[in-house]
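Next, two complexes with subunit A in common: one pairs it with subunit B, the other with subunit C.
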Partner chain A sequence: MNRATSLASRSLHLWATAVLRSEYLVLLLCGVLFTALAPFTPGLATASNFTNLLGNLAPLLVVATGQMLVLIAGGIDLSVTSTIALVSVVGAFVMNGDDGWLKGSAAAAPAAVMVMLGLGALVGLGNGLAVTKLRMPPFIVTLTTMMFLSGLAVWLTKSQPIYHLPAGFTALGSRLWLALPIAAGLTGFAHVLLARSLFGQWLRAVGFNARTARVSGVPEGAVVIGAYIASGLLAAAASVLYTARLETGSPVLGQRILLDVIGATVIGGTSLFGGKGKVLWTFFGVLFLTLLDNALNLLGLSHFTIMMVKGGVIVLAALMDTARNRWLAT
Partner chain B sequence: MTPLLQVESVEKSFFGIPVLKAVSFTIGAGRIVGLVGENGAGKSTLMNLLGGNLHPDGGTMRFNGNSYAPVNPRAARAAGIGFVHQELNLFPNLNIAENLFLTNFPQTGPVIRRGELHKRATALLKTVGIELPSTTPVDRLSNGERQLVEVAHALSFNARLIILDEPTTSLSARETERLFKLVRQLRDDGRSLIYISHALDEVLRLSDDVVVLRDGEVVGQGKATEFDQNKLVSLMVGRELKQLFPKGRSLPLRRALESNEVGAEPRAPLLEVRKVSQPGVVRDVSFSLRRCEVVGLSGLMGAGRTELARILFGLDPHECGTILVSGEPLTGSPRRRIRRGLAMLTENRRDDGLCLEASVADNIALVTLPNYTTSPLRLINFASLRNGLAKIREAVRLQPKLSNEQPVKTLSGGNQQKVVLAKWLLATPQVLILDEPTRGIDVGAKSEIYQLIRDLADRGAGVLVISSELEELTGLCDRILVMNRGRIASEFAPGEFDRERILNAALPT
Partner chain C sequence: MKTLIRLILTLSVVASSVGCNKDDKASTSTAPASLTIGVAFETLQTEYWVAGYEAIKAEAAKRGYKVVEAVADGDANRQFEQVRNFVTRKVDGIILVPKDAKTCIPMIRAANVANIPIVLFNRPADKSDTKSVAVVADNFALTRATVDYMISEAKKTGKRLKAMILVGDLGDINAVGRRDGFDAAVKEAGDTLEVVARVPTEWNQEKAQAGVVNALQANTDISFIFTSSDFLFPSIVSALKGAGKYHKADEPGHVILGGFDGDATAWQMLSDGYLDATGVQDVYFEAQQSVQAIVDLRAGKQLPEVIRDAGFVIHRSNAKEKAAQMWGANVSRK
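Right after this comes the complex of A and B.
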């Protein structure tokens, strides 16, 4: 009797360990969430909702991937949402049909995209330099960057959204067959960089132990700056997708997604202490949060209720991560 | 008379791998028991069981006549077992008294009675022989004094059994003597102590009884007088370890070899340090290192040895003086110096030698990774990297059963050190700076690392070894330099290796 129960509990323990250890755990949770909610959430399992879901997922995945790179390096980038807003309005300044600098020109859309990406990279460079050369804490640097850029975006536009963007540009957001490959391409590239390149290995080494990395000849400053530039660049790319989708240059674009960006990355399993993270994990985290958000919306909950539920879920995810580490350690 | 501690068939496994197999031993009241064993033999696990950090899978323990199964460290303290950890567990920002009574402040309601606190702390400090006010912040204490404060902490809750884990690793000779005196005095008061150390001579000198662990089993126990160093070593490693230091080639033979290699200028120094100074750290340091040579750097703690090494490797600046490698000035970041053939094994592998969370493979590859990449994205060629890893793992004799994917934090100290060495050897360095290369590792791994160092020198590298173990330097080196307060005080050639003279040169005058 005793032996039988102990055997049962032992196999349960083994099973639980295998599940907890699996890197597909979050994907599994997505499946559980979907099957649990589908029966009584009208419109969750429909083709048009899947389109909507993917449209929401693509830009979030792009920003979160950038955030993950910075977290792996042992930093954090709180400025991504303000970067999205600033890049959005500056892009709109370049190309809008009313008083845009390149109004009506065929080159307006491509030039605007270039300017947007360049600006994102520049913000990342600034953050990276402040963190490495001035040795300021990443939290403070990017928090102040966030405040500054957010103010700048509103000041530049006098808090008015900018409309009449060229059709060639808005297609990037409204056509899923354009937005998805862009997001997939960017994250796929990030994956290759992280998993197979020298930069990826160095990034992890710096995140695990910057002093060891330095003694071992890793150019740790350049690596960290690279991570922030990548984050700024990916935030700008996400801004292109968001701006095109909304057909508006908005100074408050992305204001509400900071929680989603960091939450999705952490739910995916990227460590806040540096060193650990994968693009695949971030994809699962983004999928999970997007799905949750989508289902709660369909259930007709208010924005504030959704925020509360998401906050709770992110706490649970953090808790699970600690529990998982403790469980696996014994 | 019943013994103070009775450990009976205690077992413990991690991930299904047994770490302790039916361990039994007893400790009498008023005895000093030396616990020895190689890294990974199970010493730390056993002590963590006693200290309440871990719980046994099987077996029983009795302490002070009662059944003993502490649920946490607090329960162990309450039962009367004190633990002085290898990594000191004091809060440097608090003062001595606060550290001593952190979990047990004398209070009136919520208010700490400062007067009472310092009275009790002062009494404890007197017992352990610290003549400092109890209000001294701990960050102003030397390592030796911190150790004594930890002992005082154990006495603050009147521990009957005190466990000392590698207490002398970072102590000077005088501090060690002071600690030993205290340990004997505590024994004479009727307390028992478990003394864990790799320094076997110390164990034999201090202990009344000895317990030897190997692979999770007790392979020897008895009165210390029944053992000598050779017997302990052979019990620990399970074989007769004939010779700790490699025989190596004789000096003249290597000189001949060297002249063939370098041709016209056989004696041209590989590394030349000329009048290097940095205020408050090193003064006017000049020396040279030739091919095929192992040079030892001896001195007390704080003499500037590690600081000099960090300057040579470009980790810290120096105000004046030049460093030459093969006749060319050496400047810039560690990265540039690595390209010039330098390698540096740092004093503390946990701080800046390893990425503990990362895998064995990632750690070994860290320095040489750029050589295994192809442009434009600098993607890593994993197949050729694996080949390189396999070769270097064999060269440093890293335990074959360790997987490349295993995080290095799960490795024993000896294997961790081999990982650091492998990392550098993969870069085929010309000048190696090894700061305390055998700190905290067991005797088997030690002798393997000595052999590796000798082989490197024989193949043409120059090696600078910093060590606090004089025996290590005299056994391994071709020359010994002694540093004293930032200067190189004297130099000893092989014929002149004399413990006493070297020690005297290191002592402040």
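Right after this comes the complex of A and C.
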């Protein structure tokens, strides 16, 4: 009897270890969440809701992927939300049909997208230079950038949203078959960059131990700057999708999604201490948060309940991640 | 990788089986015995929105309707997702308090495409190709009437007073209407008032307080203040107290105060003798009209694009008579 109990206990331990060790744990949690809530949640398991989910997931995945690259490098980018807002209004300045710089031109939308992406990369470059050349803490640099860009976006627009964007641009937000390939392409490129390139190896090496990486000949500064540029660029790409979806350039666009961006990245398994992270994990984390938000809304729970449940689940996921790391370390 | 494929296949099977059930159920359902109304608020940060939300819930409950709520916490993108969730849930109607007049247009379009009636509560949308009904206070007229009353009080002093206005978020068409109502009233009272400060608040209490403090330092003799929303009164009171200028109406040095909304703070200040007047939005009328508009739109009735709430001005002379209609007084009593 004792032997049987011991065998059962050992099997359970092995199974639990396998589950916790799996990099698909968060995906499994998504499955559990979906399966548990689907019977009670009106509309959750319908084709139209899957479309909603994908539409909600795409821009968040893009911006979270950029955040992941910076986190792997051992930094953090708190300015992504304000980058989204500033890029949104500048893009709208270029292409809007009222008094846009390229008003009425066929090149308005493509030019605006290029300006938006360029501006995002420029913000990232500024952050990267401040972190590497001035040796400022990433938290302070990007927090300051966040405040500055947020104020700049409001000042430029006098707090007024900008409407009348070209139909060719807003189609990026209203047509999933356009938004999804953009998000998939960008994150796919980030995956290749991280998993198959020398840059990816350098990025993890810098995040894991910057000093050792430097001694080993890794161009630490260039790698960190590259991560921040990628983050700014991806935030700008997310801004293109968000702006197109709302058909409006807004100076407060994306101001409330910072917790979702960082939360999804960390839930996926990217380490806040650098050196560890994958695009696939970030996808799982974004899927988990998006699904949770979607399901709780469909359940018709009150705003306050949703906030409490969401906060609790994020804490639980973080605790599970900690437990997993401890378990695997023993 | 094999594990991942296995997981995805399993999830797909579960999803498709549950999904088919739901879709089938939806497609075979008949007309609902009772309506389900999705109520999407941009925020519940101020008393007015909470009172509005409670009034809508009470009106729906009175009719036996179910309310499903969503609050976007100031995020227009999140609100867009919430409205799409309502569409997915196949609600019978949507009552929306948008963040601003422009970002709500794709939300209205999503409801239009799904043939779900949508009513904008207290904040109208900009002109567009979409169809909705807005139930809103007549911000311009009500503000003008309120400021006219304040000017009549100012005239009693026999002096030319220096005035300040706290302007709301100008992306909100209500804020624009209130600013214009103020301007129209003071334009005809040039001998009584000189507007020396316009404080942009973006509907933010901290910004309002900083702005009022700065304005009072630059113009120490400001003695006439209008705020575009009553929820900014705590910021004004704090700044006035700091400057030693917070006095009752019958005391020397009183600053003539007026606002818009009719919240509990305004009622308290009016009762205590500090506030001169405020324009009260009839939140109960607006809630009743919003729910009724959903019913009418579902019945195919033609409604005007905007249903106006005339509201009323409450001041010290008519406070007792009008208190029962003032939502802030009712909140205060609770």
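Assume the second predicted complex is superposed on the first by the 326 of 330 C-alpha atoms of A that agree within 3 Å, B and C clash if a C-alpha of one lies under 4 Å from a C-alpha of the other, contacts with A are read in each partner's own complex, and residues count from 1 in each chain.
What we mean here is this: contacts are C-beta pairs under 8 Å (C-beta built on N, C-alpha and C of every residue); 3 or more make two chains touch, one makes a residue touch a chain.
It should be emphasised that the depicted structure is a prediction, and the values quoted were computed from it without experimental measurement.
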Contacts of A:S11 with subunit B and subunit C, given as first, second, both or neither: neither
Partner chain in contact with A:N294 - subunit B first, subunit C second, else both or neither: second
Which partner reaches more residues of subunit A (counting touched residues only), subunit B or subunit C: C
Partner chain(s) touched by A:V218 [first = subunit B, second = subunit C, both, neither]: first
Partner chain in contact with A:F199 - subunit B first, subunit C second, else both or neither: first
Common interface residues of subunit A - those touching subunit B in one complex and subunit C in the other: none
Touching residues on subunit A, where the partner in the complex is subunit B: 192-193, 196-199, 201-202, 204-205, 208-209, 211-219, 275-276
Subunit B - residues contacting subunit A, complex: 313, 315, 333-335, 338-339, 344, 346, 351-358, 362, 365-367, 369-370, 373, 377-380, 382, 423
Subunit C residues within the subunit A interface of the complex: 3-4, 7, 10-11, 14-15, 18-19, 21-23, 26, 41, 44, 68-71, 73-78, 80-82, 84-85, 87-90, 99-103, 105-106, 126, 169-171, 200, 202
Touch list for subunit A against partner subunit C, complex: 22, 24, 27-28, 30-31, 34-35, 38-39, 42-50, 52, 55-56, 59, 154, 158-163, 170, 173-174, 242, 245-248, 250, 252-257, 293-294, 297-298, 300, 302-303
